[in-house]
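Two complexes follow with subunit A in common, the first pairing it with subunit B and the second with subunit C.
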Partner chain A sequence: MHYVSAGPGEAHGHTTNWGDVSMIRFLLAVLAVAVVLTGVYVVGRLIYDIVQLIGERRRSKNDAALPPLWRDVKALGIAAQIGVLAIIVAVIAYLRSNFLTRAEDIGLNLSFDFLDQPAGISIADNPLGPNDTVSEALTQGFLNTIRVILIGIPAALILGTLIGIARLSSNWVLQKLATGYVEFFRNIPPLVVIIVMWRVVFLEGFPRSQEAWKPLGGWFIFSNNRFAFPSLLGQDNFDAFRLILLLGLLAAAAVAVWRTRVFNETGSPHHRVLWGVGTFVGIATVAYVALGAPIATSKPALDEAGRVFSGGLRMQMPYAALTTALVIYTATHIAEIVRGSILAVHRGQVEAANALALSGFQRYRFVVLPQAMRIAFPPLINQFLNFSKNSSLAIAIGFSEVTSLVNDLFGQSQPAPQLILILMLFYLTLSLVLSAVGNLINRRLQVVGR
Partner chain B sequence: MTGAGEGLSADDVALFTARAEAARPPSQKLPPGQWAKKNLFDGFANIIFTLVFGFAGLAVLFFLAVWVIDADYEIVRRNLRIFMIGQFPKNELWRPAVSLLVVMAGVGFTSGALARNAHDLALEQDLPTEKSSWVSLIRRFWAVIAVVIFFVSFARTLTPYLLVAGAFALLVAGRELGWAINAAVRARAIYIGATIFLLSMLVIAGTSSLGGLSLGLITLFWVAGEVGRRDLPGGVVGLTIRWGIALVAAIVVYAIEVAIPYDGFGWENWGGLHITLFTTVLGISLGMPFGILLALGRKSDLPVMKTASVLFIEFIRGVPLISLLLFSNLMLPLFLPIDFERPADLTLTIVVITGFSAAYIAEIVRGGLQAVPKGQTEAAQASGMSAGSVQRLIVLPQALRAVIPAMVGQFIALFKDTTLLQIIGILEFLRVTDVANVQPDFLGKGLAPVTYLFVALGYWAFAYTMSKESRRLETKLGVGVR
Partner chain C sequence: MRKHWILRLVAVFLGFTLLAAACGNDSSDGDAVEQDGGDTGGDTGGDGGDTGGDTGGDTGGDTGEDGGEDTVDLVQGGSVLAKVQDAGVVECGGNDTLPGFGIVDADGAFSGFDIDFCGVIAAAVLGDASAVNVTPLLAAQRFPTLQSGEIDVLIRNTTWTASRDGNEQANFLHTTFYDGQGFMVRDDSSIATLADANNASICVLTGTTTLLNLNAVLADRGIAFTPVTFESNDELNPAFQAGQCEVWTSDASQLAAFAATMDIPTRILPEIISKEPLGPVVADGDTQWAQVVNWATMATIQAWEFGINQENLSSFTDSEDTNIRRFLGLPIVDGDGNESIAEVGLGLPTDFAWNIIEQVGNYEDIFNRNLAGIGLTLAGSPNDLWTNGGLQYVPPFR
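Moving on to the complex of A and B:
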């Protein structure tokens, strides 16, 4: 979410340059090392195979056990590999020389120095200004992409699971509605959903900011310019309070683990969520009173003309449109996966649950869904990856996530080759991290086989 | 690397769905009262659901219907031609028209021939089969037919009506011809269909270089297939003769086609639904051979081939299509020799889309290769086949047959992805809405939703029909049920 913490936090977003220049350069260095290592691996394997082959042929020179060289599968394989490698190297060298000639011809800057130059752009709702460097701008773009993903993927997962279950409902109305939703949104391009959501639903559907809709006494503001929500604002002792909250979270987790252990040993109801939340709320309340109200609420407000927002937590319209549209689109795919996985759970499981007189909710919560999720998870990872890649569609509605930001930088005549490389590198890293996390969770989920 | 590992794919899940649905007991016909009690008012929660969602659903449908009936469709009527074919030069309009008619005849012919081939095969194996009636075909393709009629109803002159009627007539005639023609011709139906398709799309209304390239590629495989039917000496000699003849034929066809000088009729100005369908079909068909090669490379034991394939596939799959399109627009021309002019945007895009779909097709084909039992390869090797023949005659046919539904899925995905072409300034179907809404007569009239509805229906009808067809193919081919 796009927030500017007002007051003391204002300067905050500007000074915390955590991982700006260094992150991009680090990724580039990793890429270079990976390319070199791959080359070394391939050539090394090839040389090793050749040495092996020569050794083998020398050893068995006298017995006629081996076929002649031109019929030896290993020799043919090596020859084919050398041929392919030569073609690849030649093509790359040719393209590279063309590229260098053309780059020199049009005077293209091929160094990465531009990362430290002023970017010349500003991002809505962001302290970043035109004088900040390109790498700072890129970092803000990366963070905006991450904001879309962090909110969007859990939302799509929840909506998709509910719709997938609704498609299997015994209630005719619910089932038909869910089917209609899935069959419609699954078969239109995500870009259509995004553009309609942005231009029709959000721009036309909400009032202008002068006539903004302010429910609940102005604690919420909805207009076609921004959504604003109340937020919390740090006061004195805020850092200490944050630390205590973190410790409280750890304590809550420990209590939950302890309750689970008690449940496993004695079988008495664990109520671990209740216990955990209770611990956390207790610690937080005590700390709040002891530290003398370290946080205050911040109410969003509009100025006299009804244009400039201040206070509260503010959400940019294109962000809201992009995330909503992608959630609606991705949820249809997730719903299909969830439905298929539920159907794949063995019928005997459902019958056994019925025989134990579990309620419909209990049957889903304790018997069907845990097993279905195990089946659904690998294809779900693919949907999460698709979601993160589809967030680049923001370029069409001008939300400054990384792709759209890079496009803006092209407009400031920043060099395209390096920027495209950085952009691709960012998405590759994101895909790698997401699928690595997904595979890790998947390993935990799967039944340990014999 | 970025894949979901060894787990189940979405297709496996779809398979579970199909199987579980087949295993369900047939639904009983209940009298209306009991049916309503069982499906709508069974218990307190159910009654609440029925009332709340029923009311919400009816409200949405009602307001949607009122809006659809009340809307002002003048903007669509005035821009229908741009929606369909973009800014194609006015004095060359007969070209896309003829191209459409020829394509429809070709599609009809190929589908008829393939249906007959499957029919004959089923008869041979004593399986139940019958020629699908026109009624059943209309039921299967109702969405596309309805949307075509909806689209053409906006026409203000007679020509579009005649064109659509002619296209339908040729489709029917082509299908009957394909069904009736002799087996030798039917065996080559795919090649004939592809040639007709490219002839019409690239030679009648396209550019000579791309047309020559595609026709050359088809000739290469077709001639290689034809020569392969004869008795050839085995080993390297036979292979050389076979591919040598094919290569010469392909080069001759390419040279003849390129010798006819034309730069493409309005190639820079192509647009609308035409470009959307064209890019999708071309992207998939050009990506297919590369995709199969990449899949074989990924399965190979040879480290050079394997590493190159894995790197290419995972790189393409790891980045969004937009970044690749930006690459095609800004970077690709820089890799051409310095004395080359910058090709048209559409040409650059097709290059990138081909690579893009090749990577995804490779992963699909890899899934199919893994599904072929190892015994098949071993039996082929035991009977003394060469490594190439094992792949070509035993493994690939089974693998490719198993992945047809997934391939249709990839086709749908690419069809939806072509909307991104608007980012690099190509006037594809969705982008026409912007063009229409900034015309002086419609600017600021709030008619954008009407155009979005029109476009969304177009996308929906094609994608919905294809996904239904792919599910039908899945059950028909019995994928994974061996």
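Moving on to the complex of A and C:
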């Protein structure tokens, strides 16, 4: 018998992502611990308050001014807390007993063992196979959700900011166009925007892949199945080149810092962006030539039958439709926030900038926008959260993000209550992480504001 | 002065909520205990001929305990049959986007093969085929909805599989339609057999066994494909017509139904890759209700076998055949001239089959009314009667 050990190239054959089984179970455990800790904290606080109150009343027992217990504001406050707590506990207990009774009646399986069962599904453009486990499938769905968010939120922020500024423009046409855009898309439910974008623009607007549209000599391929763009592909010495690029970035940052220091000391123009970019491009060019062209462009291709896309950067049509629709929808809300925040910047600031003879761009870049963004950021976090949650509407147009995937799993007889719980946990974690990041940035912004 | 008044109000309110919360806890515990007791009693009592008596007892006890709180009854188990008789309507989970099987028209009225079987159950239990409330469900919603007790019966082109019987707490009853998973392509497509579909994009509904079959069968045959999954046929249909996917896979009957409504010419591939027996489903844990739904469904096929249909039903009132008289709940005269009506003890009225045939029709009536229009034929198909070489065979009604 001949035994062949897997070479380094074959090691990546199977997709195991950062311990997915443990990730989902870890999330569930964190949820349980959080619930218990919150309960202990609330009850503990309540008991502490009661002990305080008793002590206080005992100490001042002989004080004639002491109100009777039913008129003591502190006592009433504690009673109110106990009341609210009792209502919450009663409601949860009722729902729980209702659910458990029904589950027992029909014999519902409430364990989480299904996570290690084969999921029996596959996803477009994903190595996930039908024999991979449920938790691997959930992880891949979650990653697809994140792919939408990573591209979508920055795009929505940029588009929204531009539209918000355009709404305040003195150019009549631009201003009315921006207003029309905002008022139109802001007042349509996101699901409708998504379905119309998918159906009218992408599905009917692009040819089928057998008749794909290949502009610019085939460097771009557009069809209502997939899009493909040219991309860069690493060749020999690519790892070394990547390392040198990283060093180049560090060097560029160092140069920029040096120019800033020169500016602070002498007052001569710093041009730090120009210097930094110049340094980086210079290093990159030298390395590219020295290492013998370590990267090449990759041209996308499509086979005769119009089925197999290869090379380049490929994108599923539903992904493009979903991301575009959500960016267009969310950008309207962001535009309104940005517009409001710009208007909230004190007029004296603009007048001062004008008095310094700053150009229109400089006025926005250095005076208005930094202050406006400080005001805009907290409500913007809200929009980022809405964006991430609205991505679940992809289920209507066939993009396999995590909600759509959970629906697939329902069809494979995987238990719905547990899957819904895990789905809620995913979105909860995502939202908490997003708002934590947002709050960190916000705090930085506020510190600068003194 | 005013402040004191408010504080007093708050105190009273708090006291009240505390009391209510405490009572709520007590009563729900009590209910659970009583419910358990009742169940045990019913179980040990056996399920022979006492069904009628049990039903009566349950209903009486329930109404006595918690008055008008229907929701508690519904969610905490008990007999579905008694609940349906009490409410006077059958809650039926159905499809609203599948021509021929379950579709909703512009006025919000449901029609179709599956919807007619909801009517069959209502006619059997309540004597009125129109006493049906259809809840349209997406594929992925149907089992959670059935599990929650929101619907009494699920008749939504649902395939009977082992994992659904086991994992979804579903109880599958007599198969009303024998189907199989097929593939449809545009007529001008280069795909002639399934093997040609290598690397193609295939449209499929999410939350269905279709997706599972597709993955398993194509993986086994070494055919690579890109799944494009949709939640509803409302989006899948345009996606197929616009060519986002080259192939549409679903139950063959569904493909035929959609092909009939499409502008572009289409072709169905020769391969049928699975068995898809479709039929009514109820939740586990209520044998009596399952039997009621099962026998009501099978009565349409027995009537077909007897040759009784909606048109000639009245001519059977003076039938000489004892089996037919028994089936239709007609009085049977014995040698001494005593009349008696057969009672099968299912908890159904003795004339349930009569009501079904009179109001909805036999299996053939239902099939031709709904499925002939989309190009499906009964003769020679697996859905034909066993005496004609088909698969429809039901146990005797005696």
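For the reader, a short list of remarks on this structure follows.
Simple rule for what comes next: the second predicted complex is superposed on the first by the 332 of 450 C-alpha atoms of A that agree within 3 Å, B and C clash if a C-alpha of one lies under 4 Å from a C-alpha of the other, contacts with A are read in each partner's own complex, and residues count from 1 in each chain.
Here, a contact is a pair of C-beta atoms (placed from the backbone, for glycine too) under 8 Å apart; a residue touches a chain by one contact, two chains touch by 3 or more.
These figures come from a predicted structure and were not determined experimentally.
Look at A:D105: by the touch rule set out above, it reaches both subunit B and subunit C. Of the two partner chains, neither subunit B nor subunit C is touched by A:G234. Shared-chain residue A:R199: touches subunit B and subunit C both. When the two structures are aligned on the shared chain, A:R208 is found in touch with subunit C, with no touch to subunit B. Legend: residue contacts after superposition of the two complexes on their common chain; A:I395 is shown touching both subunit B and subunit C.
Counting residues of subunit A touched by each partner, subunit B versus subunit C, the larger count belongs to B. After overlaying the two complexes on the shared chain, residue contacts for A:A80 are found with subunit B and with subunit C alike. Judged by the touch definition given at the top, the superposed model places A:Q412 against subunit C, while subunit B stays out of reach.
By the touch criterion defined above, A:P127 lies against neither subunit B nor subunit C after alignment on the C-alpha atoms of chain A.
Residues 80, 98, 101-102, 105, 108, 195, 199, 204, 395-396, 407, 410, 416-417 of subunit A contact both subunit B in one complex and subunit C in the other.
Listed in rising order, the residues of subunit B touching subunit A in the complex are 1-5, 7-10, 12-14, 16-17, 20-21, 23, 38-40, 42, 46, 49-50, 53-54, 56-57, 301-305, 307-308, 311, 315, 317-323, 326-327, 330-331, 334-338, 387, 412, 416-420, 422-423, 430, 446, 448-449, 452, 455-456, 459-460, 463-464, 467. Of all residues in subunit A, those touching subunit C in their complex are 70-71, 76, 79-80, 82-83, 86-87, 89-90, 93-94, 97-98, 101-102, 105-109, 114, 120-125, 129-130, 195, 198-199, 203-204, 207-210, 224-225, 303, 305, 307-308, 317-318, 395-398, 400, 404, 407-408, 410-417.
Within the complex, the subunit A residues that touch subunit B are 38, 41-42, 45-46, 73, 77, 80-81, 84-85, 88, 95, 98-99, 101-103, 105, 108, 169-174, 176-177, 183-184, 186-192, 195-196, 199-200, 204, 333, 336-337, 339-341, 343-344, 347, 375-379, 381-382, 385, 389-390, 392-393, 395-396, 403, 406-407, 410, 416-417, 420, 423-424, 427-428, 431-432, 435, 438-439, 442. Across the complex, subunit C meets subunit A through its residues 4, 7, 10-11, 13-14, 17-18, 20-22, 24-25, 28-29, 32, 35, 75-77, 139-141, 143-144, 147-149, 161, 163-164, 166-169, 190, 198-201, 203, 206-209, 211-212, 215-216, 219, 226-232, 235-236, 238-239, 242-246, 283-285.
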